[in-house]
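In the two assemblies presented below, chain A is common to both, partnered first by chain B and then by chain C.
And now, the complex of A and B:
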């Protein structure tokens, strides 16, 4: 019974991991750029949420998601427009990698400067301890909410990409960035929106993760690693794959912790490593 | 002033110059053939017109507007639309979605999804399929359809018969009658000289980046054209 509970909790944690991955996957899928600073932006949004929660103690902390998402979208838009678009046409694939790496280093140090190196977390009070008893299993409300939210976001994102003109333009730009110009589309503008969307999704992941576990200005690298593993596990460019990849990682982590309480993320990383050897194309290898 | 007026255009390709001092005009509703051997600079010239190749110097006026420094996405909104060589459809979009990409520049006119499907009925049958599932000829129809959805004033067709079965080429060329009935001007870039001449009023021949012959498409002396084409 305890194992069933572990598996379920792993799946719930996986929903959150899927969210960490999806923003990174979106940017990679559309502009073939791995945004190394994705993790730092997540941590930044968590700091912002903590700050807001301290300023408005009477407002439920989870409601802070709304302003954090909005600000993250704008930050992503500006980050792309001012910085990343400069190197995106470079024939050298290292250029965007180095640039976003540089941004991640700067962000980390700026956060230490502003917020200090203390360990923080977002307190949501009762909600973090509340749980449901179903058939003798204890399931946390907060992880359950997170998974539901993740699944919902995946669906909305999928709908936007599949059913709207914006989604068509994004997919077409991902296919052939030069040819969309013949249809009157400026690829740079689409990239701005996509980066905004990516950081907004990252912010949701970042804030929800801050409820579950504490963070410092140095947590970005770990978040990026999870996000990266999620999308590689799921199959690059596949959205539902990212959710599946997240769930696989979450389960591996919690099973690992059960066997060896000091393991941390070791078993999740091992799963990732084994998958790379067995099935490098990911769980879902078709295009989403 | 003609619909498209190009004078003294130079186009560069990295360190190389691909087009030298080119003069070129297309009147309203006119069909013009642009022929020449492989590497004569035809595609480079078209790309310079629509702004995909921005290494260009010289005067280019479309509908009286200076487009010599305009980026591609703005040129598209004026109604100067290119069907690129090799079709270059969007692989992760269905055929219908590919066609709808032509409406993004918000040019209104008589061309709609319905009319494109009437022109190429096979596309309606295959509307939910992806480009990879279609034959080369059908893909070419989709590429032309996508351009038509932008309601072009001037349609630039780059090598639309390349690699297609003769029946397909026949069918595509027949569709130009319908396209031109709307008053759309057409530039046909072709290696298949006969085909291009048969569908055009005037012809330009390019040789090593320079215009080697220009004149009436139907009265051009075949011998002189061969000479202009191969430079012998």
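And now, the complex of A and C:
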């Protein structure tokens, strides 16, 4: 029974991991850039949420998500407009990778200097301890809410990209950034919105992960690696694949922690590496 | 004077300067110089991979750690002075690189970079769990009592200097050889390189293994100087950060770039943490800002800009391509057609 519970909890955690991956996948899908600073931006949004929660103790902490998402969107927009767009047209495919890595080092160390290296977490009070009893299994309300929210966001994102004009423009830009100019689209502007959207999604993941477990300014690397593993496992470009990849990683991590309590992310990393050997194309290799 | 003579003379002067330095410099300076030289070697090795083979590794700390751990453990087993065990370090790192290359080379660009990082994380986590490698506490150098401490700092400096000069010399030779030409052609256009018969995979593989071996040896020397190794220091992602920043700031894909980069790296560190009294974190922020600004203004780094401005070519392996046949044909054609 304890194993079933572990598997279910792993799946719930996986929903959150899928959310981490989707922001990274969006940017990669549209502009072929792996934003190495994605994890640091997530940690930054978690710090912002903790700060807001301390300033307004009477407001429920989860409501802080709204301003955090808004600010993250603006930060992402500016980050793309000021920094990333300048190297994105470089013929060297390594330039954006190196640049975003540089930004991640800057952000990490600024956070260490400003907030200190202490371990923090976002307290949501009763909600984090509440749980449901179903057929003898105890399932946390908060992780369940997280998975539902993740699935909802996936659907909304899918709808936006499939059905709206903005979505069509984004997909067209992803396919041929040079040709969309003929229809009056400025790819740079689309990239700004996409990066904003990506960091807003990352902020949701970052804040929810800060509720679930603790974080330090150094957590960014962990977050990035998880997000990256999610999209590789899930197969590129597939949203539902990312959710599946996240669930596989979440289960691997929790099973690993059951066997070896101080394993951390070791088993999630090992699963990723084994999958890389067996199926480099990912669990779901569709070109959605 | 032909370039060759100038280079030989420069090398002779450098060797003499390195040989005499320990008698002139005080201990603190000598230690700093050793650190500079080791980091320069690592940066050159990272540059061999990123600047010439087009593979950005964010997990190169794993080779530093493999080199260092293999030295500490073999010295313990064989009960020899650590200096005689040094050859083990590059050997172990090279073997690890050769094995790990098989799965990693299926991945390109950012995927390779991050998979390398994940590999480093896995090995780091396993090292912290293994009791024979000292776990989280790390290992002291078992045979440090066999070291002659009167000469320890000078010998460390000489080893680092020999490694650095040897590395740069070897890289120079490599880059003017046909292997180097093949490597650079792969970096510039792998499809075109393949079409003229360059074995892309093989070239990348050799560069990867060489790069790992060099980092292993430099890492072993670095931790031998500390007489102590701990997993958090050995598997620190900052090793890769330092290598990358030095190469990016100085000039990626040039042999002189990392030399300039290392001067800026340590110059900035001594100024920011010394007279300005800032912490190591702010120093990394400053270095990161510098690297990002350089990347946005001069994507090829500072050295190529400086070289074109002052017209000095030091260890130049640049070739001017012959006028392409198609361009010549076009010129002829446009000359003939009226108007």
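Assume the second predicted complex is superposed on the first by the 288 of 288 C-alpha atoms of A that agree within 3 Å, B and C clash if a C-alpha of one lies under 4 Å from a C-alpha of the other, contacts with A are read in each partner's own complex, and residues count from 1 in each chain.
As a convention for this text, a residue touches a chain if its C-beta (ideal position, glycine included) is under 8 Å from a C-beta of that chain, and two chains touch if they have at least 3 such contacts.
Note that the coordinates shown come from a computational prediction; the quantities given were computed from them, not determined experimentally.
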item	value
Clash-or-fit label for the pair chain B, chain C on chain A	fit
Chain B versus chain C as contact partner of A:259, first or second or both or neither	neither
Most chain A residues touched (candidates chain B, chain C)	C
First (chain B), second (chain C), both or neither touched by A:2	neither
Which of chain B and chain C A:135 touches, first, second, both or neither	neither
Which of chain B and chain C A:92 touches, first, second, both or neither	second
First, second, both or neither for A:232, with chain B first and chain C second	second
A:101 touches, of chain B and chain C: first, second, both or neither?	second
Chain B versus chain C as contact partner of A:110, first or second or both or neither	second
Minimum C-alpha spacing, chains overlaid - chain B and chain C, in Å	6
Common ground on chain A, meaning residues reached by chain C in one complex and by chain B in the other	none
List of chain C residues in touch with chain A within their complex	50, 54, 56, 58, 103, 106-107, 109-111, 113-115, 117-119, 121-122, 125-126, 129, 237, 241, 244-245, 248, 279, 281-282, 284-285, 287-289, 291-292, 295-296, 299
Sites on chain B touched by chain A in the complex	50-52, 71-74, 76-77, 81-82, 84, 88, 90-93, 97-98, 100-102, 104-106, 146-147, 150
Contact footprint of chain C on chain A as seen in their complex	28, 34, 36, 83, 86-87, 90, 92-95, 97-99, 101-103, 105-106, 109-110, 112-113, 221, 224-225, 228-229, 232, 260, 263-266, 269-270, 272-273, 276-277, 280
Parts of chain A lying in touch with chain B, wherever the complex brings them together	165, 168-169, 171-172, 174-176, 178-186, 287
